[in-house]
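Chain nomenclature is as follows: A, B, C and D, assigned in order of appearance, with residue numbering initiated at 1 for each chain independently.
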Amino acid sequence: MNSRHALLALLAGGLALAALPWLLSDFLLALALSCVMYAGLAVSWSMFCGPTNYLSLATAAFFGLGTYVTAWGAGALPYGLSVLAGGLVAAGFAALIGAAVLHLRGAYFAVITFGMGELVRHGITYYEKAFEGTVGRIIAEAPESTTVYWMVLLVSMGAVAAAVLVRDHRLGLALRGIGSDEERAQTLGVNARRSKIAAFALSAFFAGALGAAMAVRWTYIDPLTVFNPFIGFQTVLIAMVGGAQTILGPIASAVVFGLLTEFLRLQFPYLFLVILGFLLILLVLYLPGGIASLFERWRWRRGNV
Amino acid sequence: MGIVHFVRGAAAVALAAMAAVPALAQDVRIGYAISRSGPGAPGAQTSQEPNYIMWAEQVNAAGGLNVGGKKRKIELIGYDDRTDAETMLRTYEKLMTSDKVDLILPPWGTGLNFALMPLAQRHGYPMLSPTATGRKLLSLKNPYFFPLLQQPDVMMEALATFLKARGTKTAAVVHVDELFGLEQAAALEKAFKEKGIQIIEKKSYPFGVKDLQPVLRDIKAKEPGAFIALSYPPDTFLITAQSKALAFNPSAFYAAVGTAFPIYRDKMGAATVEGVMGLGTWNPKSGPAAKAYFDAHVARWKKEPDRWASAHCWAGLQILQQAVEKVGLDRKKIRDYIASTEFDTVIGKIRFKNGENVSTPGVVSQWQNGEFEVVWPPERATASSQFPKPGWN
Amino acid sequence: MSLWFELIASGLITGGIYAVVAIGLNLQYGLMRILNISHGEFLMLGAYLTWLAHTVLQVNPLAFLPVVALVMFVAGVLVYRLCFYRIVSTAPAVEVIEARSLLVGFGLLYLVQNLAYLAWGADLRGYSFLVETLEIGGARFNLNRVVVFGFAMAASLALLAVLRFTLIGKAVRAMMQSPTGAQLVGIDTKVLHPVVFGAGLALAGVAGALLSTVFEISPAMGEPYTVTALIVIVLGGLGSALGSLLGGFLLGLVETFGMHFTSPSLKMVLSYGVLIAVLLARPKGLFTR
Amino acid sequence: MSEPLLAARGVSVRFGGLVAVDGVDLDVRAGELVGIIGPNGAGKTTFFHTLSGVLAPTAGRVLVGGDDLTGKPPHAYAAHGVARTFQTPRVFKEMPAIDNVRFGLEFAGRTRQHAHDAFDEAETILEFLGLADVAAVPAGGLTPSRQRLLEIGMALGARPRVLLLDEVAAGLTHAEVDASAQLIRRVRDELGLAVVWIEHAVRVLMNYVERVAVLHQGRKIADGDPRAVAKDPAVVEAYLGEEGEPERRAA
């Protein structure tokens, strides 16, 4: 499927999903919101980490920065601009740290990106306390929940569109080359540093924008809530379970994961995380290629008929 | 591209699976989300959810909730929110709009209560919150929000008055870098200033710290008359153990959250904590109602309730029960009734004014012989204070 | 003078605890590329086992250490066989092992932590042990902290000695340097991998048992230790046990001195700042060649 | 005399106390096919690393087309038209063979147009190398010798002005070596490239190159016509230390 087909399909899917507020109850819409948000986060994570085989744990930091931009701008910036600014701030931050740490690999990169996230969290805590005399911020004026849903949907659609475009263009090829053999790619003319920084920043843009878009739901913004490592881990989990080399995999994974977790949580209020952990282990052991490998198999079977 | 179909299909499955629980005839359905996992779990499971469950059991054992002269059983619907704001919100959206529960009980902690307030107001559910405190919450002027704990300035004012009366001249303060610690610290500074107690050292530290000995050492060298730690449970334990190691023994040793937990006494040793002061409101000796509550809790859970928020939580449930039995299940009427009435509770009279609990005074408690005795104000005291604090044992 | 002594001692005690948690994790990573994110959960299990033994059976926590080590070792062999063996033996590349073991680690984290919630509830638990004060050279410390430090050091040094002087230890070190080379000279990974994984968990369990004598415990207590352990092993260098020990000390000292000379509020900023500075200067950690 | 396309000026590389390359000068002009030989450990590959930017020389300068690229990253060299192969093939294993070739075309080769159009399409290059039938096969699935050929294809995709070949003949049969060598000459002739070819097996090289340089213990000990170089006593001496003189091995 080429870019144009993929983007058309995305547009159709987006329009269908945009109609959900008229079809679903408040609760199911909130559930859809969560799935769409994680789909956007997982796709944006995979955009960089999938082809390059980097393991970034900075998603929580980008997301948190985005929420803080909304909180700082509350009352001054309109919602749409906050989201844009949140994305830009996160992207700028990613470009900055990317320049410093993207030469690291494997577990070193994973730990240092996590460390960067924590550094931002503690840095903001310290700044707010020392110069503003508080740690939390209140967002009193919140848009309607349907507005939030549409905004999150829009950003997530943007993430998917960006992922498709990156995949099908030179940047994607460069990233795959870097993931496979960085030095080889360089000797063939890839400016690895610039490609990595650009892709890392692009991926951070969407995480930051999603944070900025979601912030208005929580009324009270403090570092402990919004730099929740849980959000970052969940994103990595979803992307990897889905198959980070693909675009459809993380999307499907976000939906399956979101619905399954919620179903288990409501049906087994005490046992659900135990079941979830167990399922996760089984999944990794017996479906190592991720959810995307199911599509492959299915496509392959259909091709053979 | 199968995403749309996939989502539609999945949504249909989810709809079927998560359809509203059908209302059993006549039961009063009360829903909540609470932290059973995540960072909020220890606090929520110490001070909050056990009370929710015990209350429903007690009411049901007595035949049910008296609604318009008819006894109706309580059906409690509780989910884990994983201490995650979005999960918490989604759960209450389900409870309020899909399940259409009759009443809700609030989630744990200041942050999650903040996040829930707009939703509760939109759907008109009163929140009697036992574990949220801070003037910032009240600044939202949410008519459905009734926090049960004392506000920081009230607590700190009491502490300052208590210390002033005992001739304290200087104090050192440490606080945790969270909204709680900052608001308490600001309130304390103001109160001490009014009372003429000089703060000779003030330090803050991040949540999750594992060693504070260097800080305590510096403070000890300054010989403050009183030491005030506006701390959370892990740091409360840490500060106690390390102050003891340093033989840092000021006349008044005060640590905020966690001193009221029975585990504090059990972990540190009853002899060690002798004379340590902290945030508390009550103990079994506070009155017959308190004693009954204490005994019931021990019988049901095989553990003592904490001497601060647990009883506030119980008081909130009592208020809710009295309101329902008076005006029925019309939530608007319940709200108005709560806002305008003075209630009798396990921690004494409670009346709300502009959402604030203006009846429960600031209290200072102190560990003495294995009980967290109330030592201030005099009308609530269950024992006289030990001042200065005896040496560490 | 005594101030310096106290600061250094304080930092070393904290650092020694960090080190013992980190070494087990580093062994597993160095040998098998398993990044076991549920390390702290097994630490938590060690803590609860000790707490149960102490409160129910009145066993001395220190006397109980060998039992914890043994139980966690067996658990480690089982966990390896059930969860990681398949990954290590089927993955085409080390990056894949890292990624998949991370996911399985998340699964184990959910599983073990929430089983603990079910078994013991979310309440803080703890018991009082050796709360006396010890005075060394004019500085005063909680006796239990010093004892924990002593045992943590003993365990770490014993492990380093095993790695350096015994046959199996040499095999492990050889494998860390060159997995295929070691296989060529006939080292049996079928035995070595589960044993080393078990040893990693045994160390985690012992660390948990020791920590339970000082700190209150809860099912989620392990997570921060996993994070600290990751920082320590990256500081010291992945795959270097000695590096982890020194990395632990370094972090402990940085925190203690940082707290004294700047502000305690900056503690975390300092820790992460040091981590980042070290990695910028030495991308493979401080103590690797 | 024309400006050298590739010039090494006193290039040295030290690893700690070990001197791997020691003050080597080398000029290569457009259309030249230069061989570099030397015993094991002579520093051939290390020298190549400096010529392609993979390794920055400790001392000395590397100029491509007159521009000083010393210390620049490899992609700067690639952009100036230096393309190379690696001793052990480093193909992008997960990508189809054709994408491996297209890779260079998309990056280093993007800004340059060859005089001759034959090598402007990935398909043509694969055909030229006899790899057209495996265009869609992931490169990791090819036999080692085909991966070697593909390496050349990847380098050609970069539309080079200078082609650096690192032991492309190793492990190939006589027929394959001959085919590769023909290929390299043809490429050179058609595109007017400068080619620098390292080979450990001396015989192969001597038959195809017009000029040869000899490295020994990091130093260049000879540079000139293959026949003359083979008779150079210093060269014979250097190879005696290993497995006998080059002439004998070539025979």
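Just so we're on the same page, a contact is a pair of C-beta atoms (placed from the backbone, for glycine too) under 8 Å apart; a residue touches a chain by one contact, two chains touch by 3 or more.
The structure displayed is predicted, hence computed values, not measured ones.
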{"item": "Chain at maximum distance from subunit D, centres defined as averaged CA atoms", "value": "B"}
{"item": "By mean Cα position, the chain sitting nearest the middle", "value": "A"}
{"item": "For subunit B paired with subunit D, centre-to-centre distance based on mean C-alpha positions, whole Å", "value": "74"}
{"item": "Euclidean distance of C-alpha centroids - subunit A vs subunit D, Å", "value": "43"}
{"item": "Chain centre separation (subunit A, subunit B; CA means) in Å", "value": "35"}
{"item": "Contacts with two or more other chains, residues of subunit B listed in rising order", "value": "36-39, 177, 204, 206"}
{"item": "Shared interface positions of subunit C, touching two or more other chains", "value": "113-114, 265, 268"}
{"item": "Multi-partner residues of subunit D (each touching 2 or more other chains)", "value": "none"}
{"item": "Chain-level touch network, classified as line, ring, star, complete or other", "value": "other"}
{"item": "Pairwise chain contacts under the document criterion", "value": "A-B, A-C, A-D, B-C"}
{"item": "Complex contact set, residues of subunit A against subunit C", "value": "53, 55, 100-101, 103-104, 106-108, 110-112, 114-116, 118-119, 122-123, 125-126, 129, 233, 236-237, 240-241, 270-271, 273-274, 276-281, 284-285, 288"}
{"item": "In the complex, subunit C residues that touch subunit A", "value": "29, 35, 83, 86-87, 90-91, 95, 98-100, 102-104, 106-115, 118, 227, 230-231, 234, 238, 265-266, 268-269, 272-273, 275-276, 279-280, 283-285"}
{"item": "Touch list for subunit B against partner subunit A, complex", "value": "1, 3-4, 6-8, 10-11, 13-15, 17-18, 36-39, 78-80, 82, 84-87, 89-90, 93-94, 96-98, 110-111, 114-115, 117-118, 136, 139-140, 177-179, 182, 186, 204, 206-207"}
{"item": "Residue numbers on subunit C that touch subunit B, as the complex places them", "value": "3, 6-7, 10, 13-14, 113-114, 117, 121-128, 131, 133-134, 140-142, 145, 214-216, 218-220, 224, 255-256, 259-260, 263-265, 267-268"}
{"item": "Sites on subunit B touched by subunit C in the complex", "value": "35-39, 41-42, 44-46, 174, 177, 203-206, 208-215, 217-218, 233-234, 237-238, 241-242, 244-247, 261, 263, 266-269, 272, 303, 392"}
